[in-house]
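I have a structure I would like to understand better, so I am pasting it below and will then ask my questions one at a time.
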Amino acid sequence: MADSADSHASDATQAVYERASMDTRVGYGSDPVLVVVDLQVGFTDPENPLGGDLTGVIERTNDLLDAAHASDVPVVFTRIVSTHPDHADFGIWQEKIPRLDTLTAGSKWVDIDERLSLENGDHVLDKRQASAFHETELGSMLVAWGVDTVVVTGCTTSGCIRATVVDACAHGYRTVVPGEAVGDRAPEPHESNVFDMDAKYADVRPTDEVAEYLSGTLE
Amino acid sequence: MADSADSHASDATQAVYERASMDTRVGYGSDPVLVVVDLQVGFTDPENPLGGDLTGVIERTNDLLDAAHASDVPVVFTRIVSTHPDHADFGIWQEKIPRLDTLTAGSKWVDIDERLSLENGDHVLDKRQASAFHETELGSMLVAWGVDTVVVTGCTTSGCIRATVVDACAHGYRTVVPGEAVGDRAPEPHESNVFDMDAKYADVRPTDEVAEYLSGTLE
Amino acid sequence: MADSADSHASDATQAVYERASMDTRVGYGSDPVLVVVDLQVGFTDPENPLGGDLTGVIERTNDLLDAAHASDVPVVFTRIVSTHPDHADFGIWQEKIPRLDTLTAGSKWVDIDERLSLENGDHVLDKRQASAFHETELGSMLVAWGVDTVVVTGCTTSGCIRATVVDACAHGYRTVVPGEAVGDRAPEPHESNVFDMDAKYADVRPTDEVAEYLSGTLE
Amino acid sequence: MADSADSHASDATQAVYERASMDTRVGYGSDPVLVVVDLQVGFTDPENPLGGDLTGVIERTNDLLDAAHASDVPVVFTRIVSTHPDHADFGIWQEKIPRLDTLTAGSKWVDIDERLSLENGDHVLDKRQASAFHETELGSMLVAWGVDTVVVTGCTTSGCIRATVVDACAHGYRTVVPGEAVGDRAPEPHESNVFDMDAKYADVRPTDEVAEYLSGTLE
């Protein structure tokens, strides 16, 4: 378990999880994809009620983007966008979090943050729920590309990162979370979800190591 | 927000979430289903490395079962069961949590805990990943039944409850978690996930109130 | 079975299907949606290699649109659109039907045919495979709306209509095909697929009757 | 286009399909799976109202099974099985085809036909709708196995074969149908669906060639 994930839980909790074999590493596969979740202005600009300061996450995600671009690893940027009247595509979620109404097609809040090193061949994928796999083309694109490992960065750890990671594992992918390249509005939900993901669905690893992996130089 | 969910987070975190409109109630619909997640022996018997003492959760779930049965609300019990050679149906998840191998068809660990008030007309649904919606018949059964509200109980809060709740919301359902009828191996992951679910995907409500709702007597 | 569907098959085939109970009517539910499949310029303009003359289908679909609009039945127009580099969102399908490459975002071929009575509150849904349910927001929108009956019109009978109808039934919906409001590039695939759908997944009904149903005046 | 598929359609239809680029071959990938659809007693015993004589299909599927087993290609047998009270897992489909009620867990009709060369390591997958991908574990198993090519045999061509093939293509897989190893209750629906699949979603190929491919000896 990554140190950062480990330090969150009490000794008693850790003992329970180790007994349940929830301290196992899955490891890296041979064909990765980098999925950058929801680093759109609505979440990276603190002026939006849903937003926060994610400067550090953006910087570390750029390190991973550089590694992926250099070795031709496919890159997918996701963003939450509503394109339907009355935000019908958000469904009940819109009733649960009314400020999702800011994330409407055409609004500045749906643009990918321009500090990110997005290149021409990268993919931008619109989603409408927390998981990047839910009712989107991500699943079939990964199959057609022959991907076996999904690296997930972006925000928020307790929302769309967590949901995407659970689905990536459920779909049959080795799933990796670079610990410093995911972030949240508040430290507590961030830490508890890093712990959960690392115990049950993904390997949480140091971002430098994941960058080496993506660049093909990890030994 | 339910008191139990509220008390977990710091004042600073709560302020951030309120600004993001993550303190909103969705409310109950008119056509509920009760989904009892994974109260199978492998999770309710502390002898299994994945198990723990969930006596309280079982008792409160029985209160909800009584209410659902009395008013003909459909009931679905889910359980994790592997039916394939080499646990191929668990896929990568099996590599992440090797002790999932105890949950094999034919083993006592996959039986629904006999302390539960399971009736003849209830549905038992086998799943292979955390979410009860993932690659199971749950989605189409709920559509055919005309359900609009999913009540989720059982275990574990930080695993299959959380994943099921996220998917229920994403599929378009009003989602309700009776706070005392979900449980976990350890208190910290339980609390942090109750907080997350209540903020973003579901209404966490007192179990007595949910029982009233299921019995059709909630005003 | 609708007369038009019936007349396609030989007496021997019809006898086999009747024995298998494949001549049963499901009937209409109380909460319909009208899904207009792929009546976009790429399919309705014979200049596109994928296109054909669908004037009759458009006229009959407009009758159904009038009925739906008059009684506030939700309407969804689907279209095939690629938004990713190298048409990655079409995946292997692009290799099977290379001329799908004409259906790129920004091209005139993805516009909904302007002869259709599209109103402001109608929904336009982009898809990337044959079925309107495959990796799109349609499933969760129908749940959030409380729909129980899916009426499917448009093109092509042997492609996206068939795939959408099979999925609508599989998702738990009563499914209705107004016989004169679906069309194809060639008469044989049209007829054989009307027969298949009517026998196994949907009720194929006269368009006038379906219009009455949508307007709420069917007795 | 395979000769058998070609001969079904009129010259006019073939011309329309060629113009639409619907005569393209996708070809084989490097990592296949063999999916044997619904060769269960309910469909292979003419005494069941849903059944017919599929002796030839079983023989040719056995040739493919021998090839797959010899080269360790994974094999999945699917079958339609209801495990819920009132066949709730069949949903609306049960209303459309009432004789599906014969396919209940515990009945002889759900057993895989014993003439098939099923081996210990093969996978048996229960499904509840036409497509073998719909709400089953097939999708995630194929991902975890690293499959890129899906070979589909069994029955019926106009039902579960067609639905499985459409979904295999939509999920991103190269899809192959060995023409003599799929069958139906009646010749007309068989032929029209072979034509449709070959034009739009799969390569229909001679069974001998597909056996060579599965055994790794196709040049």
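Worth pointing out:
Letters A, B, C and D mark the chains in the order given here, with residues in each chain numbered from 1 onward.
Throughout what follows, contacts are C-beta pairs under 8 Å (C-beta built on N, C-alpha and C of every residue); 3 or more make two chains touch, one makes a residue touch a chain.
These numbers were taken from a predicted model, which means no experiment stands behind them.
Touching chain A and chain D together: B, C. Looking at which of B-C and C-D shares more C-beta pairs in contact, the answer is the pair C-D.
Per-chain CA centroids place chain B at a distance of 36 Å from chain C. Centres computed as Cα averages put chain C at a distance of 24 Å from chain D.
Shown for chain A are the residues that touch two or more other chains, namely 91-92, 129, 135, 139-141, 143-145, 170, 172-173. Chain contact summary for the complex, chain D toward chain C: residues 8-10, 12-13, 16-17, 19-22, 24, 26, 49-50, 52, 91-93, 95-99, 129-131, 134-135, 158-159, 162-163, 166-167, 169-170, 172-175, 185-189, 192-193, 195-196, 200-202. Partner chain A is touched in their complex by these residues of chain C: 83-85, 88-89, 91-92, 120-126, 128-129, 135-141, 143-145. Taken together, the chain B residues at the contact with chain C in this complex read 139-144, 146, 148, 170-173.
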